[in-house]
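Next up, some structures in C-alpha cells.
Common to both upcoming complexes is chain A, partnered first by chain B, then by chain C.
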Partner chain A sequence: MSPAAKPGPDESARLGLRLTLPAQVLVLFISVFPLLMQLYISLTDWSPLSGLAWPRAWEMWNTFANYTDLLSDNRLWSALGRTLLVMAICVPVEFLLGLGLAILFADNFPGKRLLYSILIMPMMVVPAVAGYMFYMLFQSGGPANDLLSAISGIPVTVAWLSDPTLALAAVMVADIWQWTPLMFLILLAGLVGVPQDQVKAATLLGANAWQRFVTIVLPRMSAIIIIALAIRVIECFKIFDTLFIMTGGGPGVATETISVYIYKITTQDLIWGYVAAIALAILIVLSVACVWAMKRMAK
Partner chain B sequence: MTRPLTFAAFRYIVILLATAITLIPILWMASMAFKPIPEWQATGANLTWFPRNPTLDNFRFIFGTSTSDLIVALDRTALKPILSSLLSASVGTLIAMVAGTSAAYGLSRFGSGANLPLALIQLRLFPPMAVMIPVMMMWAFLNFMDTWWGLALIYGIVTLPFAFWLMKTFFDDMPREIEEAALVEGCSRARVFWRITLPMMRAPLASAALFVFILNWSDYLIALLLTTRDWVTIPVYMASLSSSMTGQLYGAKAALGLIAAVPPVVLGVLIQRHLVRGLTFGALKQ
Partner chain C sequence: MSAIRLENLVKRFGAFTALKTMDLAVDDGEFMALLGPSGCGKSTTMNMIAGMERPSEGRILFGDRDMAGVAMGQRGVGFVFQNYAIFTHMSVRQNLSYGLRMGGRPKAEVAQRTGAIADLLQLGDLLDRPAAGLSVNILQRVAIGRSAVMEPAIFLLDEPLSNVDAAFRAVMRTELKQLQRQFRQTMVYVTHDQLEAMTMADRIAVMDHGVLQQVGRPLEIYNDPANLFVARFIGSPGMNLLAGLPLETAAGPVVDLGAIGHSPVLAPAQAAAARRARGAVVYGFRPEQVATVPPGHGMAMPVSFVERIGARTILHLGHGAQGAKAVFENDVGLSPGSMAHLAPIPAAIRLFDAETGVALRGT
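Let's turn to the complex of A and B:
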C-alpha cells in the first residue's frame, strides 16, 4: 500500500485538532474568561452604576465581604429552600406520573401513536408561552376555577396567583404539566428496551405482574431512571421561565426561586459584585455535587 | 377474558384523562387567540371555552393593521420580534451544528478533544443565570447587546452540548466500512468527511438541527437579559404586551403565544424518533 492510500497518524491528528477547534474555542470563550471576570468582580463592590469601568473594580476591593454577606442573606437561603421544595415535589410527581403512563403505553393498542404524540406536546411548548397559558388558567375568573366549580358543584373563585401558598402550587402544576411528558418519553423508551424473554420466563414461573415489574423490569431500567431523574433535577434547579411569567416571583417573594432571585438583584438592585459572588458559590457547589454524583454512579 | 377487558377500559380512561389535561391549557390559549375583547375576561356564567364570535382581530392587532376596539396602539408590531427569534435561533443553530458536528466527528474518529464530553455536560449543568453577569459585560464590550447576532452567538454556545452529543452518538453508530473503503481508494481524510460522511448523515443532521432549533427558539431568560428594545424575541415582546388602560392584552398575547408555540410542536412531532436520544445526551437511543 502506498503512503498516500492510508493517511498517516499525522494527518489524522491534525484533522482531528482542526475539527475540534471551533468547539474548544467556544467552550473556552464561555468558561475561562467569564469565570475569571466573575471571580474578580465578586471580590469588589462593583456595580454598573458605580461610574467605574469594570477593569477598575479593584478600587472598590472588599476581599471576601460579598461571600460573608451571602451566608447571612435570608432571602437567598429561602429562595434556595423554595427551589429545593419545588424540586422535591415536582420531580417525584413527574416521575411517578411519567412511569405510570409509560407502563400503560408499553404494549400496542388502537390510537397509541396519536395519543403518544399529543401527550408529549407540552414539553415542546415554549416555556414562556406555557407560563402564559397557566397565567390565564389560574386567573380568579379563569377556566381553572370554572372547572373546579363544575366538578365540585360549588362556585370556586380562588385568586390562585395572589395567594402565597396557592401561587407556589400553581407554579408547580405548570412545571408538572410541562415536564411529565419528558419523564414519560424517556421512561417509555427504557421500558420498551427491557428484554421480553426474561419477563416471559418469570410469567411461566408464576410471578404476577407486580413481582415481574419490581424484580425484573425496574432493575433493568435503573440506569435510565437515574438519567431521567438527573435531567429533571438539573433543569428544575434552573426553573425560571414559566414561573417568572406566571408570578414574577411574587406575591412578595412567595415564589422566588434561585434564578428569579439572581435575576432580580441583577436587574433591579444592580449589585453585580454581590451577584457574582452568589453565582460563583452556586457554580462551585454544583461542580462539587456533580463530581460526587459521577463518582457514585461510576461505582 | 374479563381482566384484559377491564384493563383496556382502565387504560383508555386514564390515558384520555391525561390527554384532556394535556390539551386544556393549549386549547384555552388557542381559543383565547380568536376571542373578541368582550370575551377575554368573561367570567362565571359568561366564561366560554370556545369563542362565541371568533375573530382574527387579535392577530391583526399584533401585526399593527388594526387597533380594533382597544384604545391602545402598539408602539411596535410583532413582526420584528418574530424576525429576531427566527434569525437568532437559526443562526444559533448553525453555530452549534457546525462546531458540534465537526467536534463530534473529530472525537469519534480521531479521539481529539477528549475533554469536550465532560466540559459540555458541565456547560449544560450550570444555571444560565449564574454566568449571565460576565456574559452581559462581555456582550456590552463587544457591542453585542440588543442585537440578533449577539443572541445567536450565545444560543450557539448554550446548545452546543446537545449538537455535539447528538452527532457524536450518530457518528459512533455509523458503520465505518464505507469510509474505510474510500480511504483505501486514496481519498484524504478531510475529503471522506466532506464528501462521504456528511452526505450519508443528512437525516441525522437534520434531526439534530431541528432539535437544537427548538431549544433556541424556546429561550426566554437569555433574551430577557441580552435584548432591550430593537431585537427583543417573541417571549420578551409578549411579556411587554400590556397597556396601562386595559391591563393584560389577553387575546393579543394568546395570538402571539400561538404563533410561538406552533413551530416547535410541529418540528417536535417530525423528529419524535430522535427526541429521547437528544434529551438524554445520547445515553438512550430509541
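Let's turn to the complex of A and C:
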C-alpha cells in the first residue's frame, strides 16, 4: 500500500470536520441565531404592530431602555418572587417525597411492581391534561372539597382557584403531583447504585441505619441528587402549562409566574422588544445562578 | 478473644442447599482457612458468621454465646471484603476512624486509636489522602485497619488477596500472617488458593459442594487427605490417583494397577489399609514422592509430555484414568514416548475406597 492511500491523523481530522460541518452549522443556526435575533430586538422598541419587518427594527433603536424599564417593572418582580416561592416549596417537597419513595422502593415488598407503575404515571400525563384534571378537582363542588368534607366531617365549599393564596397552593399541589415521580425515578436509580458492600461494611462497623444513610448513602448519591435538583429547579422556574390551564395566572395576578407574565405581554401587549429583554435577562441570571450553584454543590 | 463454634449449620437458598450440615470449631486466636473451589459454600459460611446471612438450621456460637438474633453490627466481628469496600468518598483517616466515630467515642480516643492503628499498618503518612485512587495494597491495609481499630474478637477475611497480582500476593501473605500474630485474634480466612491457606493458616477446613471435607493442619491435609476430593484439590499438581485392586502375591501385598503392572510391595501400614478394602481401591501418591527405579521394578508408564520449569521437571505419564504426574528436582533424561519406571516412596502411599472415595487407614 502506498503511503498516500493511508490517511494521516491530520487528514482524517479534516475529513471528520468536513463531514460534520453541515450538522454543526445547523446546530449553530438553531441555537445561536435566535439568541442574536433576541439580543437585537431587545435593544429596540420593535413590535409586530409597528409595521416594520424585524430586520428593520434598528429604526426603533432605544439602546438599553428596555433593560432599565424592567428594573422598575413591579409586575415582573412580583412574578419573579412568586416563581421563586413556588420553586422554594415545590422542589424540596418533591425531593423529600421522591427520596422517601425511593428508599421504600429500594427494598422488596409485595405489590411493588404495580405500585411502581401507578406512582410514575403522573409524570406521563400531558401537562395540559393534568391542568384540566386539577382545574376540575379544585372546583368548589369538586372532589378536593368532597374529600376534605369526608375527612373533617364538616361540609367544605372552598373556591380554591378564586382565592389568591389557595390558588397558588393548588397550583403547587398539581406540580408536586406531576413531578414527584421524576424525582423518585432519578433518586431510585441513584439509591440502587450505592455499593451494597460499603453499606454492609458500615453496618459491620456498628453504624446504625440513620448513620449509614447520612455517611454512606447520601454522599454516594450526591451527584445524582444535584442532577435531580437542577432539573427540577430549572423546570420549576419555567412553570407554565398546568398552571395556565388551572388559573390563567389569576385570580388577578395571584398565580402569575415569570412564564405566564412573559406569555401575557407577548400575546396581549405585543411589546416584543421588551419581552426579548426580559427573556434574555432571565436567561443570563439563571445560567449564572445554575453554574454557581452546581459548582458549589459539587464541592 | 473468642472461639467460634458452628453446630449443624445448614443454609438453603430456595431449593438450592449452599451448605449441608457443617460442624466446625475454631479455637480462640486460631487462624482458620476455609478452602475450596468457588461455589463450595465457604463464603456463605463466612457471611453467616458475620451475620449477613441467617442460617436455615443450626447454631453459631462465639464462645458460649449463641449468635442467633444478634445483628451484624453487634457481633463484634471485623470483616475484610473481597473488594475491600473502602469508603472512597472519605479520607484514609475517616475510613480508619469510621467505626469509632459512629460508636460515639470521645474525639481524643478516636484520634489516639486511629493514629495507633495507622502507625501499625504504616499508613501514618497517608492519613489525610482521599481513599479514592490509592493502590490496592494500601486499600487492603486500610480495610484491615478499619476493622482492626474496633478491636474485634473475631476477624473475617473474604479472599482479600484475590484482587492483587501474583508477585504482590506473596508479600501480602507474609504481612497478613504477621498482622494476625500482632492482633492475636481469631481469624477466619476464606480462599480458593491453597497456597494462601497452606502458608498462613493454623488449620484448614477444606470444603466442596457445601460439604466440609476435612479439617486439619496444613501438612496433615497435604499428607493424609481424608478423601479423593482433598487428595486431588491440595497440592500442585494434585495427588496421583490410580484405580487398582489389592492383591496378595508371594512377595507380599501389592495393588494391581492393570496395564501399568503391580505396585511395589506395600509397607505394613498401607498393607493393613489395603486389607480393610472391600473391592477396588484408589492408589494414591504425591508426584513429588516418586523415585526412578530399574526396569522390571515398580510401575512402567509411558511418558506423554515433559514440562521443564527451571527448578523442577514434571513428567506427564500414561493416559486418562491411569494417568499420573511425577515431579523431580533435576532433569531425569526422559523424553515423550519413552517408558518411565517409577516407584512411589512406600510410606507416602495412600489408599482410598474406590466406591466412597474415603481414605483407607491401617489403624
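By our rule, the second predicted complex is superposed on the first by the 265 of 299 C-alpha atoms of A that agree within 3 Å, B and C clash if a C-alpha of one lies under 4 Å from a C-alpha of the other, contacts with A are read in each partner's own complex, and residues count from 1 in each chain.
As a convention for this text, contacts are C-beta pairs under 8 Å (C-beta built on N, C-alpha and C of every residue); 3 or more make two chains touch, one makes a residue touch a chain.
It should be emphasised that the depicted structure is a prediction, and the values quoted were computed from it without experimental measurement.
Asker: Looking at the overlay on chain A, is there a clash between chain B and chain C, or do the two fit?
Answerer: They fit side by side.
Asker: Let me test your reading of the model: by the given contact rule, A:G206 touches which partner, first (chain B), second (chain C), both or neither?
Answerer: second
Asker: Just checking: does A:P143 make contact with chain B only, chain C only, both, or neither of them? Give me first, second, both or neither.
Answerer: In the superposition, A:P143 contacts chain B only.
Asker: Contact-wise, after the overlay, does A:L71 reach chain B, chain C, both or neither (first, second, both, neither)?
Answerer: Neither partner.
Asker: Which partner, chain B or chain C, is in contact with more residues of chain A?
Answerer: Of chain B and chain C, more residues of chain A lie in contact with B.
Asker: Does the superposition put A:A298 against chain B (first), chain C (second), both, or neither?
Answerer: neither
Asker: Is A:I151 contacted by the first partner chain B, the second partner chain C, both or neither?
Answerer: A:I151: touches no partner chain.
Asker: Rounded to the nearest Å, state the minimum C-alpha distance from chain B to chain C in the superposed three-chain model.
Answerer: Minimum over all C-alpha pairs of chain B and chain C: 9 Å.
Asker: Within the complex, which stretch of chain A touches chain C?
Answerer: Of all residues in chain A, those touching chain C are 195, 197-198, 200-208, 211, 215-216, 219-220.
Asker: Sort out for me which residues of chain C touch chain A in the complex.
Answerer: 50, 52, 72-75, 77-79, 81, 83, 85-87, 89, 98-99, 102-103, 146-147, 150
Asker: What residues on chain A touch chain B, complex-wise?
Answerer: Interface residues on chain A, with respect to chain B: 1, 4-7, 11-13, 15-20, 22-24, 26-27, 29-31, 33-35, 37-38, 41, 54, 97, 100-101, 104-105, 109, 115, 117-130, 132-134, 136-137, 139-143, 146-147, 155, 177, 181-182, 185-186, 189-190, 192-193, 223-224, 227-228, 231, 234, 237-238, 240-241, 244-245, 258-259, 262-263, 266-267, 272, 275-276, 278-280, 282-283, 286-287, 290.
Asker: Going by the contact rule at the top, pick out the chain B residues touching chain A in the complex.
Answerer: Residues 8, 11-12, 14-15, 18-19, 21-26, 28-29, 32, 41-44, 47, 49, 95, 98-100, 102-103, 105-107, 109-113, 116, 119-120, 122-135, 137-138, 156-157, 160, 164, 183-186, 188-190, 193, 214, 217-218, 220-221, 224-225, 234-235, 238-239, 250, 253-254, 257, 260-261, 264-265, 267-269, 272, 275-276, 279-280, 283-284, 286 of chain B touch chain A in their complex.
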